[in-house]
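Inspection log for the structure reproduced underneath, given as structure tokens.
Note that the chains take the letters A, B, C and D in the order they are written out, and that residue 1 is the start of every chain.
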Amino acid sequence: MIPGAPTGDTLLERAPVLLRDWLVGFLPGPARWAAGSLLMIVAILAVFGTLFAFLTLAERKILARVQNRPGPNRTGWFGLLQPFADGVKMLTKEDIVPRAADPVLHFLAPVALIAFSLLTFAVIPYGRHLVPVDLDSSILYFFAAGTATELAVFMAGWASHNKFALLAAMRALAQLISYELPLLLSVVPVVLATGTLSATGVVAAQSGWKWDLVPRWVVFTPWGAAGFVIFMISALAESNRSPFDLPEAESELIAGHLTEYSGFKYALFFMAEYFGMCALSGMAVTLFLGGWHAPLPLLEFIPSYVWFAVKLLALLLGFIWIRATLPRLRIDQLTRLAWKFLVPLALVNLATAAFWSLSAPWPGPLQLLRWAVALGLVAGPFLLLSRGLTAGLRPRVYRYA
Amino acid sequence: MNPLQLCLVFSSLLFAVGLAGALARNNGILVLLGLELMLNAANLNFIAFWRFHPGAAPATGVIFVIFAIAVTAAETAVGLALVIALYRHQQNIRLSEANRLKG
Amino acid sequence: MNAVLILIALVTVGAAILAMSRRNLLHSVLLFAGSWAGVGAFFLWAGAEFAAFAQVLVYVGAISMVVLFAVLLTRRSREDLAPGPVSRSRAISAVLAGIAVAAVLLAAVAGTPLAVSAGPAPAVSVRQIGGELMGPHAAALLVVGVLLTVALLGAVVLAAGDRPENPEDAP
Amino acid sequence: MDSPADHLWLIPALPLLAAGLGALTPRRGRRFAAGTAIAALAGSLLLSIAALHEALADPAAHLYHNFSWFDIGSGVMRLGWLLDPLNALMCVMVSLVGLLIFIFSLGYMDSDENFARFFCFLSLFAAAMLGVVVSNSLLLLFISWELVGLASYLLIGFWFQKPSAAAAAKKAFITTRIGDLGLLLGLVWLYNSTGSLLLYDGGGGVLEGSVLGALAAPVLAGGFAASTGISLLVFCGAAGKSGQFPLHVWLPDAMEGPTPVSALIHAATMVAAGVFLVARVFPLFSADQALAGAPLHALTVVAGVGAVTALMGAAIAVAQHDLKRVLAYSTVSQLGYAAIFHLLAHAFFKALLFLASGSVIHAAHHEQDIRRLGGLRGRMRATFATFAVGMMALAGVPFVFSGFWSKEAILHAASAWEVSPLPLYAGLAGVVLTAFYMTRLLCEVFLGAPRSPAAAHAHESPKVMTVPLIALSIGAVALGFFGTPAWPWLQSRLTGAEIPGRPLLEGGGLMALSIVLVAIGLGSGWALYGRRARVAAAAPDPLAAASPRLFSFLGAGMRFDALYAATFGRLNRFGAALADVLDRRVWGGAVATLGRFGELTGFVNSVVDRLGLNAGFDAVSGRFRGAGRAYSRRQTGEAHGYLRALAIAFVVLALLALIGGRR
């Protein structure tokens, strides 16, 4: 492993791996790799499946609490069984397929969506030894898989042979494509700084503490913080959440491109959305929050995957929190935010990251100057562009009203 | 039948399918996609030779493919723009009807 | 080793053939996406990860979307997507041409003695590729960058055409 | 040096000024024009008398005043005025006779409407004549010579409405011009060999010793001396102007002009100019005398021509019916005698005869045919008297009249000439004939009865015309005494050497012979015409009765005109015809052929163009267009077509490569 993590390799740390080796040991040589990977897949599905379930519950509970109401507490103790109740409801509902719909695409859409979302989980390093697939360019793989989901959205929209569905699909696509750019651009500085495209490489680069107090996470650098903010906003948009959940917003276009779906397919869509959210949060943790590194050296004894889980849950609750508080954005405001605010910011951020890495070897006192310039480079454009955002907004003119 | 030849067979087939498709379909977009297939076949060859023919510097094959992909992307974008423009003029994109540019 | 290759080849070529023969335009586009993914898989099989992910990212992610949009933009009604039957003679002549080309290519492949290195795929790390790109191929990179911008701007201009200035939009 | 020659230029200048003023005066300024002309000539007369006085003071000296006219590059053309006895005498003679003629023409021309113009021409003529006389440079002489020719043309052709007058003027002008051509060539030759045209230039002049000697050297082939050649050429000019043998044809026709003009031209000046020129350049003529070997001496030629002219003139005069034509031929013959003294005398009585005939014509309303005149003795007594004096002087009636002495001197000189006796015999024959035709003229005109109404009404001319007649008759008589052999004052003045006076009768034999001849002439004339005066105008002339053919031959001026017409006329016509033929045939032909050649090239061009180029080009371009169209058909616009073509091409190429590669 990376030197400088002397105490982190405790028994607990290696427990999952030992477990797997033990299980796989029963099988003959060649099948061992297949079994191991199968096992990994099962583990991921299980963990994130339950996470999905309780996440829905948590979301509804928190939303309720924010709106000063108890939220689901009838099913099971404090409503803990609510997800299972939903699950049963979804499974028992009739799966209606419109006659004029394109059966193949209609069926294929949710499947593709789930498939591609799950693909993205393969490269996230959950723990020191818990990296399902350690690719040299895993970040690139993550985003390649991520963009494939757009196809599924289109399929859903088109296959349901419904004007609203198609229109919603188009809006969703516009949003997804718009926010893909800032997403990628905010990642580029991280790659630039760490010098590698593999997730484990990035996490390894964020190991260690400065003055044994401040961990060397990317988020604690000026451009890292800006990048993290941009990444989170884009992630929200990518997963159609909160202020950006226009496509399936109830008050707008019924259920957006999901209108013609019901029953289990609808559940699948719902699950895929949550998986997307989790995957993006996981990548955010890996890239910006130091992956499975502990915040303080003395907390090293706690196993790495625990830290990963903590950070992940924190981000997820953040998502839910934002959903509870922020109003929904209009489609033109949404795209303007992406193109006129986030993309330029990301580009400038790239410049600051370059400056940051070039000015690294500056002697002591100059470090302050380095910080000052970096902060200026981050804050300046932010203020300028934000002022640009609100200028020129005109009341929306309805052409066909 | 060494793997390289297999790869070449694979790319040839892909190329042939692309060509046949381009020739067969009357729809502008599909012709473009057929073209796309042919280009991919070429990329395929690059990687095949990169993989099985160590000789040259290690990364050239991959870099060539990356550049090829970029150029193809640009080409497709322009092609599609042309098709859209064509559609605007003749309200359908059947290439057999778009033969005004003739001697 | 070869089995996987053959599998990928079959899938890709099959998807391609299906795509070309489908009457429903959207299905063929999606199948095309599938075949491109197949090519990506081949890249992966050959060991060039970066090329594979780039291929998937560019083709499956971006180009298929653009094609889909193009398809939607160039139809007047739903049934447009299912174009009329392909004229018999054209199909036959096309297939014949395809077969002829395939035959020639296969003959060539079979005929030429190809030296094959048995060794494993040369491990090319992303850093190495980055170095190469930024080093000797920096100029090519810049040119491709410029090419992309110019092409896409041109595409926008071409496709946008001269949308009439909408009177309502005027303040 | 303020020599008298300095003022010489005034003499010709005054009449020239008068001519200028005359030209400007309008037709009604008659009195003014006549007045200025006469005043000017009177002035120049006084000046010439003064000049004569100075010249006589030192007869041998040739006073000259040269000035440079203009300079041509390196050489300077110099002109000059000359004063010596010969010049002075001539000046006096010309201006005196001129003045008398001017006064006479006052009366004669007063009925003519171009009166002013007439006087302008007269003054111009006088100025030119004086210019010839006083000039020291041959060039200046030549210039004024030409002016004289011009003036004579203008005057002869004064009544230009009459076609015969115009023709006569042209004839006079052209014949004198031919002579002048010879003169010009002589001058050019002279200038070429001596480099100067000045007669007397302080030793450098043409007539001075050194230059003359050089000229005399035998230069030309055939042993001719340069001076002989030059002098012969100069003599041509003189012959032309004074009507010598070959070029005399214009003189009788010049009678077309008004009588004062004829008088002025034939009596006093123009004809005298030729003889004066010879006298002027006499040293040049005699330069080759010393040259023994020369086959021909200039003077012999002059003498020969003179003799022939005299004999011929006299013969023709006999057969003339026109009053003035008789006098004209008599002038021609008198000039044959070519001697200065005779010239002076002749000037006076010939002018007298002309003016007398002028007053006869004036009185008889321009009737000039003597056959229709007659019986004027009673009617015009003064004219008859003066005419008789003139006739006797001309005929050479002994002792009293100047004509006799001057003729006597010439005959004496001719007899002394050893070269050949021919001139002497011709001279003597001339004397007889002259006496004969003058008496014929006198009888026909004045005696007998008037044969026409004009003659009947003739009355004496007004005083303004008869006074000059009387003056001239006094001159004719008085002048003779100055040159008698006994007292050769005049000759000695002229030659500058004192000639010893010969006793009057010393040359008795010759003088007696001539007296006898004159008597014979007069007698026969009186016998034929005096006793039996002509009865009627149409009556045949007694001589004609005797020998009609000879008479008519002489009457027609020995048919010289016909001869010339036949020779030069035809030559001219032949030349013109030749030129015309040449022009039309040769030149026209050349141009025509060129034109045809142009047509030919044009035709060939069009043929080549039509067949070769157009056809060729059209064919080729047609084929190109065909090929082009064939190719364009290939471009169907069908995208698939192109792709299919590509595929097929690819397959073919691949096959070739494979098959090629395999082998």
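FYI, a contact is a pair of C-beta atoms (placed from the backbone, for glycine too) under 8 Å apart; a residue touches a chain by one contact, two chains touch by 3 or more.
What you are looking at is a predicted structure, and each value in this text was computed from that prediction instead of being measured.
Engineer: Compute the shortest path length in steps from chain A to chain C over the network of touching chains.
Structural biologist: 1
Engineer: What chain lies closest to the overall centre, CA atoms only?
Structural biologist: B
Engineer: Taking each chain's centre as the mean of its CA atoms, how far is chain C from chain D in angstrom?
Structural biologist: Going by mean C-alpha positions, chain C sits 122 Å from chain D.
Engineer: Taking each chain's centre as its mean C-alpha position, how far apart are chain A and chain B in Å?
Structural biologist: Distance between chain centres, rounded to whole Å: 34 Å.
Engineer: Report, in whole Å, the distance between the mean C-alpha point of chain B and the mean C-alpha point of chain C.
Structural biologist: Taking the mean C-alpha position of each chain, the two centres sit 6 Å apart.
Engineer: Round to the nearest whole Å and give the separation of the Cα centres of chain B and chain D.
Structural biologist: 118
Engineer: Scan chain B for residues touching two or more other chains and write them down.
Structural biologist: 19, 22-23, 26
Engineer: Indicate the residues of chain D shared as contacts by at least two other chains.
Structural biologist: As it turns out, chain D has residues touching two or more other chains at 640, 644, 647.
Engineer: Touching two or more other chains, which residues of chain C qualify?
Structural biologist: 50, 54, 62, 90, 93-94, 97-98, 101, 105 - these are the residues of chain C that touch more than one other chain.
Engineer: Throw together a list of every chain pair that touches.
Structural biologist: Chain pairs that touch: A-C, B-C, B-D, C-D.
Engineer: Report the residues of chain C in contact with chain D in the complex, numbered from low to high.
Structural biologist: 90, 93-94, 97-98, 100-101, 104-105, 107-108, 111
Engineer: Over in the complex, which chain B residues touch chain C? Could you list them?
Structural biologist: Those in contact with chain C are residues 1-10, 12-30, 32-34, 36-37, 40, 43-44, 47-48, 50-54, 57-63, 65-67, 69-78, 80-85, 87-88, 91-94.
Engineer: For the complex, which residues does chain D have touching chain C?
Structural biologist: The touching residues are 640, 644, 647-648, 650-651, 654-655, 657-658, 661-662.
Engineer: Can you tell me which positions in chain A touch chain C when the two form their complex?
Structural biologist: Chain A residues touching chain C: 102, 104-105, 135-137, 140-141, 143-145, 147-148, 150-151, 154-155, 158, 170, 173, 177, 195-198, 394, 397, 399.
Engineer: Over in the complex, which chain B residues touch chain D? Could you list them?
Structural biologist: Those residues of chain B that touch chain D are 19, 22-23, 26, 31, 95-96, 98-103.
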